[in-house]
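Shared between the two complexes below is subunit A, which has subunit B as its partner in the first and subunit C in the second.
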Partner chain A sequence: MSARATDVTPVTPARTTARRRRLPGSLAWHLGSLAVLAVILYPVVWVIGGSFKRGEDIVGSLDLFPSDPITGNYTRLTEGIADIPISTFFVNSLLLAVGSVAGILLSCSLTAYAFAKIRFAGRNLLFTLMIGTLLLPYHVLLIPQYVLFRNLDMINTYTPLLLGKYLATEAFFVFLMVQFMRNLPRELDEAARLDGCGHLRIYWSIVLPLCRPALITSAIFTFINSWNDFMGPLIYLNDPEKYTVSLGLKMFVDQEGLADYGGMIAMSLVALLPVLAFFLAFQRYLIDGMATSGLKG
Partner chain B sequence: MRQGGSMERRTILKAAGASLAVAGLGATATACGSGSGSGDGTVTIRYSWWGAEDRAQRINKTIALFEKKYPKIKVKTDFQQYADFWKKFNTQASGGNPPDVFQNAIGFLRKYDAKNVLLDLGEQVKAGNLSMDGFRAGLEKFGEVDGKLLGVPVGSNSMALVIDKPVYTRAGVTPEPGWTWDDFDAAMKRIRDRTGRAGDSGMYGVMYLYDLYLRQHGKAFFTEDALGFTEADLTDWWTKAERGVKEGVYADAKKVVQVKPKSAVSAELAGSEFTWDNFTVRYTSEGKSEYGLAPIPTTDGKKTGQYLGSLMLSASKRTQHPKEVAQFIDFMVHDPEVAKIMGYDRGVPATQAQFDAFQPDDEVNKAIAAYETSLVESGVLETITPHPSGADVCEAAFLRIAEEMALGKRSVEDAVKQFFTESKTALAG
Partner chain C sequence: MGHAVTHAPATADRAAASEPRHGPARSPRPAALKRRRRRDNLAGYLFMSPWIAGFLLLTAGPMIASLYYAFTDYNLFDAPKWIGLDNFAEMFGDPRWRHSVQVTLWYVVVGTPIKLLAALGVALLLAQKRRGQAFYRAAFYAPSLIGASVSVAIVWKAIFSDDAVVDRTQKLFGVHAGGWTGDPDLIIYSLVALTVWQFGAPMVIFLAGLKQVPRELYEAADVDGAGKLRQFWNITLPMISPVLFFNVLLETIHSFQIFSSAYIVGGGAGGNACGPADGSMVYTCYLYVQGFENSRMGLASAMAWMLLVAVALVTAVLFWSQKRWVHYEEGGR
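This part shows the complex of A and B:
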């Protein structure tokens, strides 16, 4: 930036002085951003460095990189945790995350369509009640839900963790999609209606494709939430073979017995990868969707 | 257009079906095995405990032994670390679905007895499925509450002063049995002056240590249903602590919090820490130094107030298979092979047969064995009354409020008041 300002000669004197005046400001802005970036990246780099340190060097040391790097923490992961291969946890987590994303996208968008596009008696009341569920603390629901699923004999299966996602119980995503759908021009579905479309057809062929940014946002959030969920799997899953990554991560250290910080930190890093990959893969569509959604109509 | 209508419905149904199938797959692939009895008389019991993966591997081996001896009983395990274990257990117990048998500790006996969760194993002892003979140092009484046998000890541990040996040597401090609190205070100062390291990690927040201190003065942390000390007692204890933190004889609380879950001793912030003797195993695995055990300081030169603490196995009242659960517990506390596998992981084995079966060959475990034996032989051990319901909440509050006090977030007066308010609520509930 600064180089260009000095190289380019055919500029009016007024603009040059303006640029010069802006230069220190811009420099400060960049330096400031870099400083913030360093602060944000420090823990990430620390974790990466830490995964190559010996267990006893990890906690309590601020050094970014090991003085004597080892790969033992990663090779140790191939032995599994408590006689269970690491891949089991990843397959379980992936199954739950993908299942959750599919459920949320379908059920929440269908519910949102009804709230946003159909006029029916009690719509506002129902919508308010649904938003009201956002105010219920998780801990209030925990035991009643547990009792419910126990009576349905669904403990120690993935059903309690997935069922709600297929019944549009995540009010936040419904709300997000309702707001998005309300902003779509009414003329589009009126035109479709004139062409003879029913509600399902309008939902599937007109509204859903236009909602792509909202859907992608929901998908990313759902994936990350499900991947990171600890309390749900903790309460509902009893066999270590069914545990998710978030539970597996906590198997390395307890207050009694041997502590394996090396294994824990290496696994946390590996556990980050699917979330990162999912985000990178979909974030592209997010921007794409925003830019083009207005034109597609 | 009607045709179009049915088409669109079909596409949607298909999509919905596909995504439900994904969910269904997860459910059906894992739905098997939740029943606990089957046609051929095989019984499945659920066993939950807290610990990390090292303990998991040992326990899996002992279960393999058990299933070999009792082919008709299958054991399914489930484990988390300490805090998560109790979160899960609490939900399961409230939801009427606790595991058949589980690891337990003294602070939870009355609590879950009051909630009608624990099985009185006395019946099974009478029926001959569980033997309470051969326990060391009176441990067979440890899990008894109001005449009911609510837990069977698997191992014993005691409070000790875990020390960083080279630091103590450098400072020229040698703790002897019967040393007094004055000796201890002088030693802490000496360690600070000669090694530049705080003497202690923060004993003021350790409920079990304050309990010992109170016992030396003829009181105790808990009576059967309340706190056994006054606000004035605690004010004295914490005033001394606040001064110690300021002078640097106790480690900087801020740094101690930062290195968690590592201990302040293995993180080289403090020369010693009051904790359970079997914690040295973890400290050795996470720290670089050599760690040893020193006796608890006394007030009168004799009485330490100590008792054996212990992990226990308890059964839940709702179990469909009390007999099998009793057989399982019996096997786990008496079988010598189990002791060889478990080592001192859950403390020094509770029964003489298991104690004799395992001979430690490393320094850390040898030191634990020697410490435990010396306690039994010196006759300092007292009996312990099971903690009242709500004791676990008090213990957590004690630790947290002491930490806030040491961090300077609360004055001593405020901290004491807060602790008494919180524990009154906890013990009343």
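This part shows the complex of A and C:
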């Protein structure tokens, strides 16, 4: 609001009406945004408050925060789920997530480099195929992949959950990186080629360092997707010792959900913490990555 | 996504780029060119090799296998037995299958437009440059990241159960419908609410699109005395129509594939994966039940192919309709 300008200049009738019109506009804007914010945040605040309530108060009571908060729901988590310590699930999820990130960064950037920077026969056809897989419903592959990994004796291992990440099957990230690499100044790699650099050298020393924003966006999305993934682990893992956080949580619900509502809510919140932390730390990269994916599509 | 077209200029300047730039001192042109082209082909396929392996092993191969399974009786333990169209006949004759189609279509038809309208509405609100814009944008986006998690599905189930906050709120308005997650007719709306809650992802894309609309257009319209509504209809909407198309396409395809939230919200203690009276039995839930609980891999493959056909049809219709309502800037995308 240009309060300074109105202070010095003599107040003309036109100016005051303009200002009066702007103030309610701004107020309405903030009220509208706050209303949306309240709806968005309600479930999050609810689960935080609920985790400090007694089990029987969680659903029935409308108070967001209990008058006598308890920490029993959290201390109860140290007992683990079905005799397995919670930390096991976290370590498993972390392993899978980190393994996925490494695979995606390596395989998708190699593929993207080929699409964006190398002119080879059949490139356009392969690019069309890659975009096609972007729209392919995953469920068509669910059963034959399961049969394949079963025949390879890989059920109850992490291989089925990781292999695709190392073979660049996540077309979205290939696409994101191709878009980014195409926008890099062409002169850089042309100059390097004239100096006798091979593609591997250009990829590693020139293109990858310049692609950092796209790599960071892909890494964070991959981590979060892997952390949230439920269907993959549900199908491929059957030994509770190997369960991820998502599966552990589902096991909690199935076994003691109604008996220990408080513990379930506390566990739900703890399971979300890594994702929330990533979001708070990197929200810029995530939102910019989302935005560009839509604009260039 | 019509950007395969953007390859055209790349091939056009190929000749120019490989022209020797430092005079005739270089080796004979045709041989060098040929060598470089051969090296590029090799390098291209070497760089692509992980993707090619993945495509053959994890996408194309499985798709062909799945198409074959669709015509067989296959329980994982015995070899698949060819049964022709029996799986499809069983599917179409199965009232539970038809019910799951209905539930899914209803979810897509109700959920997607509401979600996109919410996304567009809030994007229009946030497009006004005001203090706190970045904060609101980030906060509204957050649910899109956590919405697919088991945790949020559990929270959702609690919030929409009997006597919980949604039930109490509707009672204030004199509606005594009970909790939604326990009601076969209402549980699907709790899933709709869950997807609408995640409007942040399409909103961010809308916002990016809105930012690219040239200011001058509005200024010109102001001079002409066009009202805000006219301006929205005649300027904003056509200008963001490519982004709108992208969002409609992506959200529709995603909605067809809803699984985890339906499986968790609908899952009861009794191992019922599909909600009370199959109320939240979306298509993929039934596919999971048939494939992995009943070991009917052939039937489940047939179901998966029907889903693929449905999604492909919707995609084709959307691309076809694009001509009528999506305006691409000339020389742009």
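Basically, the second predicted complex is superposed on the first by the 247 of 297 C-alpha atoms of A that agree within 3 Å, B and C clash if a C-alpha of one lies under 4 Å from a C-alpha of the other, contacts with A are read in each partner's own complex, and residues count from 1 in each chain.
Heads up, the rule we're going with is that a contact is a pair of C-beta atoms (placed from the backbone, for glycine too) under 8 Å apart; a residue touches a chain by one contact, two chains touch by 3 or more.
Because the structure is predicted, anything quoted here is derived from the model rather than measured.
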item	value
Room on subunit A for both subunit B and subunit C (clash or fit)	clash
Contacts of A:I155 with subunit B and subunit C, given as first, second, both or neither	first
Subunit B or subunit C, by number of subunit A residues touched	C
Touched partner set for A:L269, first subunit B, second subunit C, both or neither	second
First, second, both or neither for A:V59, with subunit B first and subunit C second	both
Touching partner for A:S26 - first (subunit B), second (subunit C), both, neither	second
Touching partner for A:R201 - first (subunit B), second (subunit C), both, neither	first
Partner chain in contact with A:T111 - subunit B first, subunit C second, else both or neither	second
First, second, both or neither for A:G99, with subunit B first and subunit C second	first
Partner chain(s) touched by A:T128 [first = subunit B, second = subunit C, both, neither]	second
Partner chain in contact with A:V253 - subunit B first, subunit C second, else both or neither	both
Colliding stretch - subunit C into subunit B, listed as 1-9, 19-27 or 271-279	271-279
Residues on subunit A lying within both footprints (that of subunit B and that of subunit C)	59-60, 142-143, 146-147, 150, 163, 166, 198, 203, 231, 235, 250, 253-254, 257-258, 261
Contact footprint of subunit A on subunit B as seen in their complex	1, 4-5, 8-9, 11-12, 15-16, 18-20, 22-23, 25-27, 30-31, 33-34, 46, 50-57, 60, 76-82, 84, 87-88, 91-92, 94-97, 99, 258-259, 261-262, 266-269, 276, 278-279, 281-282, 285-288, 345-346
Residues of subunit A that touch subunit B when the two form their complex	55-56, 59-60, 81-83, 95-96, 98-99, 102-103, 105-106, 142-143, 146-147, 150, 153-159, 162-163, 165-166, 196-198, 200-201, 203-205, 231, 234-235, 238-240, 242, 247, 250-261
Residues of subunit C that touch subunit A when the two form their complex	1, 3-4, 6-7, 10-11, 14, 17, 21, 37, 40-41, 43-45, 47-48, 50-55, 57-59, 61-63, 65-66, 69, 76, 122, 125-126, 128, 130, 132, 136-143, 145-146, 148-152, 154-156, 158-159, 161-165, 168, 197, 200-201, 204-205, 207-209, 212, 242-243, 246-247, 253, 256-257, 259-260, 263-264, 267, 269, 271, 284, 287-288, 291-292, 297, 300-301, 304-305, 307-308, 311, 315, 333
Touching residues (chain side subunit A, partner subunit C) in the complex	26, 29-30, 32-33, 36-37, 39-41, 43-44, 46-47, 50, 58-60, 62, 107, 110-111, 113-115, 118-121, 123-124, 126-131, 133-148, 150, 163-164, 166-169, 174, 182, 190, 194, 198-199, 203, 224, 227-228, 230-231, 235, 246, 249-250, 253-254, 257-258, 261, 264-265, 268-269, 271-272, 275-276, 279, 283, 286-287, 290-297
